[in-house]
Amino acid sequence: MSAVLLGQALVGGLLTGAVYSLMAVGLSLIFGVMRVTNFAHGELMMVGMYVTVFASAASGLDPYLTLPAAAVSLFVVGYLLQRVLVGRVLEMPEEIQVLLLVGVALVLQNGALFLFGPNHRGVQTPLALAALPLGPLTVDVARLVAGGLAVALTGALALFLGRSRLGTLLRAAADSRDGARIVGADVNRLYGVAYGLGAACAGTAGALIVPFFEVAPDVALPFTLTSFVVVILGGMGSLAGAFVGGLVVGVAEAIGAVVFAPSLKPVVAFGLLVLILVVRPTGLLGRA
Amino acid sequence: MRRGRGRSAAAIVTVAGLAAVPLVVTDSYTLNTLILVFYYAYLGQAWNLLGGYAGQLSLGHSAYFGVGAYASTLLFTIVGLSPWLGMWVGAAAAALLAVGIGLLGFRFGLRGVYFALTTLAFNEILRVLVLHWDLAGGAVGVFLPFRGDAPALFQFRGRVPFYYISLAMMVLATALVAWIGRSPLGWRLKAVRDDEEAARAVGVDATRAKLAAITLSGALTALGGTFYAQYYLNIHPSVVFSTPLSIEILLRAFVGGAGTVLGPIVGAAILTPLGEFSRSAFARGGLEGLHLVVYGGLLIVTVLFFPRGLVDGVARAWRKLVS
Amino acid sequence: MGLVGRPGMDRRAFLAGAGAAAVTMAAGARIGAAQAKTIKIGAIHPVSGVLAQVGQACRQGAQLAVAEINRAGGIRSKDARLELLVGDSESKAEVGAAEAERLIREGAQIIIGAFQSDVVMAIAQVCERREVPFVVDVGAADQITTSGFTKVFRIFPTTSALGKNGAAYLAEIIRLSGAQVERAVVTYTKDLFGTVVSKAFLQAMEAAKSPVKIVEVIGYDLTVQDLSTEVARIKAARPDVLLPFNRIRDSVMLVRELYKQRVPLKGILSPGSPGWYEKEFIEQTGPLGEFAMDAPPWYNPKSPLHGRVEAAFRRAYDRGVDTNSGYSYEGIVVAADALERAKSLDPAGIVAALRTTSIKDHLMAGGPITFDAQGQNVNASTSLIQVQKRRPVVVLPDAEAEARPVFPAPGWDERT
């Protein structure tokens, strides 16, 4: 194993990890605000991928320019999902919530199969094949853009939650339902917004990867699982933790693929998960 | 007392009726569908012990299923041990795995989603490891040699023996669950499920009760894995260690009613024929995928309107009607 | 025409009957006349689930064949039309077996399918129990025809044949070009197909004492999300050629990643896996997918049937015939031919007819379709194809070649 190979794995892992981060931030946000584990997270990402494919094909625009379309439509999907379905089970046991979202995942995945067929669909962008030399390494431009935008969007989200009035309310609602009510907020709408933002994160992550990872109805499950690993690693509900966790998982998978075998990648991620559950169940940056 | 006797009588009549079915029905397709109902009811019942009675959501039951399928199959193909014996080795191995997962999860206080994800993670790890285990066939899986009619080797040409085996498995598992439900262990499990802190406060060893449930649940599930291997004579890591299988199992119990004796049976009796029907109705006309949309939709509807399962929903409706 | 008991003549008549000219000549009178009888064939493929894409191609091939045969007069010796009952395995053995039961109950007298070897094995047991003949259109695991089934007939090549032919084509292409090929990397997906075929290929390379050194073998999970690390490993191994065993999605990812990391290669030659000839691959990779070679079981472009079938396919489905749709098409042809010749339509009669199958002019590459005692088509073969000008063309064997192979392929940046 050469240094070049390790370096290449490190760069690739960081860039892939940044996209994991964006997805996981969405998952963590939903969990943090309303204590719901979004088992349909990967499916929401898949919907974002399809939106991008169709929006860029219909408009003739570069898929990076149709990013807002994916973000906005997934926000709406997430908002409605919370108001129509998830909102009804917030007071119920956790497993009921999980099963509801498993049902949603089944409907989304197979609805996509029914509507769009099984074929893989991609987008055309000149960036998809561009690469930059970095010494002996190669940096993939599409992944660089995806990673960079993922970092920027996560930062923007953190800023929004920290500075804006809505963000303050969201954080208040996360701390306690009554707390938000006291300051006069419509908690249900706040929850809808939180779910919408979380879904938008997943959808945007989907839009960012579709230039180099084609969409098909069945792509979701591994991404859902990876997001879980990332969020638990970083600490459930911690946005900074989700961000760091994404990078850690991305790098660990890439290094694992070099050191062991690429097909053992999933073991690396899940082994990490079990390890963290044993050593520090609250995650890297989570609070007990 | 009287009510209990009435129930036992109803159960005996039902089982006798089901046992008589192959005398009347010879259609292989119908028998196969019934076998699948019993088989999933059995698996749902095994899951029910942990997921229903103990209230610990497992999303990784295919891990035990896979261990059972692989243990009996490899013992047969490599050592020549009859699967009738190998299945108990598989059950023991799965029980060990369950104890391991249980110790890890319960000792470290993993609950709810954390526990669910741990079970899921274990299943994924096992799937990938078996994919890499060449002695166990690796990514090729194992094809069991087809021996035609070989009762001593758990192989039969016809459907009828499998019908009775699956029926017996379902009935025995149901009896076991009913018995445990009324035993001290059952009470402890329910107490832990409803309020773990309160249960601990009155002296219930919650960890031990949950460990008992996961061990039994895992061992029973493993026996189902052997049944699968013998019925289809082929196992593959991506099938027997798969998250979709885990979900299929828990759906049965949940839709019928987790934590009730009849829940998994009712769930399997509804979902399996529904799956068959919607597949033949939709997939024929190029409506691929629609039947799984129906499936998911049914799950959502159940969660929203019958969160305690259909058995409970019907019972409530009945009580309302009577009173 | 349509005489029972003279298979040779009958077969030709049947195939000619399927041809457009013969339709008017021989069957014209029959068409329109009410054919009271229908003979049902069940076709089970993974039309939903992970493999839905190939599964639907298979189903289309079967549907097209049935339509053509009916247009040409159906099963004339029995004065019957064919009816196709379709089933969906959802890529699961358990579902495939249930579907076989259902189709048999609905009256299927022959089953064809099922693309995945594990599903094939499950269906084979149902067919064995129910004594219904089963024509395996696609499914490569050796076990399918070595497990002692008596109702199973496979027209697809075995895994061993795929591996052996892949090694032979690699040697041949090197010999023809005179290029220096010393190092090679093998990649494969960690699923049943990728594992067994890559293993068979590596064994064949060893048995043939190939001078090409396999410097690295890389396996990855079927659900892989990103191949950059794998490609970095390929690059580090400095191969002359890449020998991948994969599915469709990863072939696109692989080619793009090879380009981005500018891995210098004399060529890509897949010894028989899908993913290198589909419309989706060619559209998604454009110039980068150009010159990719594959040695799958393929159609014979010189077959008298090819032009017509290809045109019918493009008309009906907006894509050309390929391995999967072609083999399912051929599965129906084999079934119909047996039905035509069978002395009786009970299972024993159909199985006996299948045993004496000998179809000389057919769509896919290889000699006449005939089955050995185990039910394996002994003449199942593969071709070497290459993407040239955005179209997969046969380059070897010479007798079937549509174009000359381009090897070594031009560098990544010299392609158009």
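Assorted remarks:
For clarity, chains are labelled A, B and C in written order, and residue numbers in each chain start from 1.
Following the convention adopted for this analysis, a contact is a pair of C-beta atoms (placed from the backbone, for glycine too) under 8 Å apart; a residue touches a chain by one contact, two chains touch by 3 or more.
This structure is a prediction, so every number in the text was calculated from the model and none was measured.
Chain centres were defined as the mean of their Cα atoms; on that basis the chain farthest from chain A turns out to be C.
For the interfaces A-B and B-C, the C-beta contact count is higher for A-B. Measuring from the averaged C-alpha position of chain A to that of chain C gives a distance of 38 Å. Look at where the CA atoms of chain A average out and do the same for chain B: the two points lie 32 Å apart. Mean C-alpha position of chain B lies 37 Å from that of chain C. For chain B, residues that reach two or more other chains under the stated contact definition are 128, 131-132, 288-289, 292. Across the assembly, chain C contributes residues 47-48, 52, 56, 190, 219, 221 that each touch 2 or more other chains.
Residues of chain A in contact with at least two other chains: 110, 113, 117-118, 217, 221, 261, 263, 266. Of all residues in chain B, only 27-29, 32-33, 36, 128, 131-132, 138-141, 143, 145-146, 157-159, 228, 232-234, 236, 238-239, 276, 279-280, 283-284, 288-289, 292 touch chain C in the complex they form.
Contact residues of chain B toward chain A in the complex are 51, 55, 57, 59, 104, 108-110, 112-114, 116-118, 120-122, 124-125, 127-129, 131-132, 243, 247, 250, 254, 258, 287-293, 295-300, 303-304, 307.
Residues of chain C touching chain A in their complex: 47-53, 55-56, 190, 218-221, 223-226, 228-230, 232-233, 236, 248-249, 252-253, 256-257, 259-262, 280, 284, 288. Across the complex, chain A meets chain C through its residues 2, 4-5, 8-9, 12-13, 16, 110, 113, 117-120, 122, 128-131, 138, 140, 143, 212-214, 216-218, 221-223, 226, 254, 257-258, 261-263, 265-266.
Across the interface of their complex, chain B is touched by residues 37, 85, 88-89, 92-96, 98-100, 102-107, 109-114, 117-118, 217, 221, 225, 228-229, 232, 236, 261, 263-264, 266-267, 270-271, 273-274, 277-278, 281 of chain A.
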